[in-house]
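Two complexes, one shared chain (chain A), two partners (chain B, chain C).
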Partner chain A sequence: MYKRIVGKGHLPYAYLKIKLEFEDGALEPEIEAAMFKYFITQAIQSLHGEIGASHSVDVLKFRKRHLEAILRVSCSFLSKLWSSLTLVGNYKGQVCAFRVQQVSSHLMALSSNSRELNVS
Partner chain B sequence: MAAPIEKSLPIGKLVFEKSSFKNEKSKHEEFIEDHHFNYAISCILPNCKRIPDILQSSCVGEKSFLVQDLPLIEVISLDLIEAFIKRGKLRMLSHGGTIDGDDCVAVLPTGHLILHLSKDTYQQLGLEGKPSQFPKRKKSKYIVDIDLTSPSFKPGKKGYNRVKWCFKDRLGLKFNFIATWTPSDNEVCPSSLQKYFTMKGCKCKPVKIKCNMKKYNDVLVPDIDPSQVDFDNMDYSYPDVFEWLGGFSCGIDLSCNPDDYLSTYSFNGPTRPPATCSYVQYSGYFSCQTVQSIIKSIRDSMEEWKLPWCSVTVQGFMDSPLSWKQREHGYLNNGDNLYTFIIFPDDSYWLYSAYGSYDLVS
Partner chain C sequence: MANFMDFNVQISEKQHLAKTLAMAAKLGYSVAAVNHCAPSIDSIVKKKKKDKDYHAIPLPETLKVDAETLKNIMAGTKKFRQLSRFSTIMEDVAQLQKLNTPEIQAFDLVAVQPLTEKIFHVAVSSLKIDIITVDVTQKLPYPIKRPLINVALERGIYFEIQYSPAIRDSTSRKYMIANAQTLIRVCKGKNVIISSGCLKAMDLRGPHDVANLGLLFGMSQEQAKAAITTNCQSLLLHSESRKITKSTVGVVHKTKLEEKDKWIIEQNSANSKNKSESRLTDSESRKTDNDNSKSVKRVLDGRQSDDIIEVKKFKLDVKCMEANDIKSDVIK
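Presenting the complex of A and B:
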């Protein structure tokens, strides 16, 4: 009746909540979800080459208005994706940066962020 | 292929349990009670068009509050120990600091005061502690554990005087605390604690409970058979269901095609016919008592609401120095400490507990 399973080693995926930010006051370009993914793939390709870019990165959710997304990658690829995102500096000539807001191996954990609790 | 990174620490751990509420040995109540600091409670209710009032009233009626700039010396005052710590379950957690950089303090219902201090503060304070387990090699944080209910912890005794002197004369440490108190005596009001702190001259504010409700139409909800536990012979396994629940909670469209350009996600298991599915998340600070009562009311009304299953997720504070019981907790990439109950109509349950990389899993 009772059963307990403890996962060993790495969990298969890592999930990231990211936001693309432009300079204050700059007019943000309209980016579609497919374009957003292409942009990320380009970023990986420029740092890790063709083989890096062939790795699958899933865009699970994309909020066009806030330029926020939830990505899923296999756990072993996390640091490569993260480094590629860090080095992104411009989108079609406009200065921008990716902010990684939350990283977790549980998708459930991204549904809330206790550091956002604001009492005062 | 690029060289793999060796010996990287897993960024998370997942433990799955299956049992029944009716099982005498089931430890669900202790499990909930041991997770002290609950930030958010969320429920997924398949086949449900509106959130039942009972959930709303238990969450919104939560009596947690923030005490501003409370000197640590007040926490060891005999009045507080005798009137609150010994007569109920007091849970306090410092608010505003991060566990990986700042000092954090927690008061547990067992009467332990846990100070999670940076090296500088630890050395200046002069109380005995031990280095934190995280990060492993670098001793950058120290933990001081004081048992407030110990019979020898009294004014006049050596240990008490030492602690008092350290808190008062060496470092006048002050923190913002979020607090809940569950009295052992039902006739005492939990808000007496707030009154006590106000009388001591501290500013108190209620913690605002935020509510996020959503209703989705035509959702293909996984058809989970609780009697099946042999995941080797099934199309899906327990992590797949947990991923689905997480995706639904984040508002992700889960019906996408695995051949899609954007995402290759798909749920392999069987699904129920399309139906309305409700989701609600309350965030703030909740006592374990509230979680217990929510689970109980869902169990009682399961049949009346005609739910095939229902999930309740409780998320802890990332910056809490402990996760369950007195198990140490830290922050690396994330500070996850959360659990999800999937409750079935026959009173059986699945329990997922998810941890970040800096956590001692029992």
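Presenting the complex of A and C:
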């Protein structure tokens, strides 16, 4: 019995669920969606320069209260975006960090997170 | 699932440290090493206590947070282990011998950051260490060459890249990327670990983020993941073996066994004859390096297993040959 599997290459987009964290007890600044995107674009530009900034990063959803967002990038640019998010260290002088919670090439997969399940 | 490890959490106040470790546990690390960094080894070894620069080497245990705090940290995660690590910066060949002191060797991990090519050479080829740190805050002071890397591969020494200075400022980010890429080009992505070197909890990044950072340095995906999982695991085994080199196996008659070791016989009498015999030959075969062991083995085979008692581990600083002579006398 043979089964023929045809790989069609990777999907065009990758989706990331990220959260911007500040230090415990520090006052979290209010960040608008536009500001949030600008912050990400700057992070990319500081690490990868003009070439990095030329790729488009879409913020699909932004939850202002939790500072959580869902980003969409082309698959080939994922590792560059991710590394620039990793090396972000401060927002306007305040210590902060991006926590990448989930990465997937299907948007649907971000609807739940198996790691946050509490098995009782 | 693989265990993620971070081998460089800088020592700080206990409260801060507990916070940092809690963050590490939360991000998914299962092992973290608390690092005591001595800027120069001269100041800590063989100096008079009156000296201003003197600071004693802390005991490995004092670096760690106490059991209760660890329990709080572990809440919610399955397991979390902390290790102790000693690291120093080397600029003079004369300092090298001082690393062999038992105080330093007692640490779970020993790391060195060489400043010249000569020291790099010695550190790779003959020092009793586990990790060689590559400075990421300035330009590499020496070229890294392939033949030396081969030696390091053979001895199981790993190269460490720290990422948290790069988060703090952009100059060291430049150097980190440059140095890391140079290192990985030369050693082809093998024998590299990526650790944080963090001072604060916010300098830590999740293990998957760090693995992705490895891609930026030119590693493949497997290598990047190995840099925080399997390489660290084998590093732990290497440090284990660093501590128990210069040990050997001996055979003693049961009448000559010391009082405190009597429990071994009691446990063994329950075992079958065959089992104890095979264990002896096993341990004997480890000493393949001299002829003596062969004769010892022959003697053993001819005897009844009840006469031969136990394989006992001696920690010896004298040469193995001497030890073997003693043992064969005992048997005859």
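Please note the rule applied: the second predicted complex is superposed on the first by the 113 of 120 C-alpha atoms of A that agree within 3 Å, B and C clash if a C-alpha of one lies under 4 Å from a C-alpha of the other, contacts with A are read in each partner's own complex, and residues count from 1 in each chain.
Keep this in mind: a residue touches a chain if its C-beta (ideal position, glycine included) is under 8 Å from a C-beta of that chain, and two chains touch if they have at least 3 such contacts.
All values reported here derive from a predicted model rather than from experimental measurement.
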Discussion item. Looking at A:79, would you say it contacts chain B, chain C, both, or neither? Reply first, second, both or neither.
Written reply: both
Discussion item. For A:99 in the superposed arrangement: first (chain B), second (chain C), both or neither?
Written reply: second
Item to complete: Please work out whether A:34 is in contact with chain B alone, chain C alone, both, or neither, and reply first, second, both or neither.
Response: first
Worksheet item: Which chain makes contact with more of the residues of chain A, chain B or else chain C?
Response: B
Discussion item. Tell me the contact category for A:60 with respect to chain B and chain C: first, second, both or neither.
Written reply: first
Discussion item. After the superposition on A, what does A:111 contact: first (chain B), second (chain C), both or neither?
Written reply: first
Practice prompt. Determine where on chain A the residues touched by chain B overlap those touched by chain C, and list them.
Written response: 79-80, 103
Worksheet item: Taking the complex as given, what residues does chain B use to touch chain A?
Response: 1-2, 4-5, 8, 10-20, 23, 25-26, 39-40, 42, 66, 68, 95, 98, 176, 178, 205, 207-208, 229, 238-239, 242-243, 245-247, 249-253, 261-265, 281, 283-285, 313, 315-319, 333-336, 338, 340, 354, 356, 361
Practice prompt. Using the touch rule from the top, collect the residues of chain C that touch chain A in their complex.
Written response: 19, 27, 163, 166-168, 170, 173, 200-206, 208-210, 212-213, 215-216
Worksheet item: In the complex formed with chain B, which residues of chain A make contact?
Response: 1-7, 9-15, 33-34, 37, 48, 51-52, 56, 58-62, 70, 72, 75-76, 78-80, 102-115, 117, 119-120
Worksheet entry | Residues of chain A defined as touching chain C within the complex | 21, 23-24, 46-47, 79-80, 82-83, 85-89, 95-97, 99-100, 103
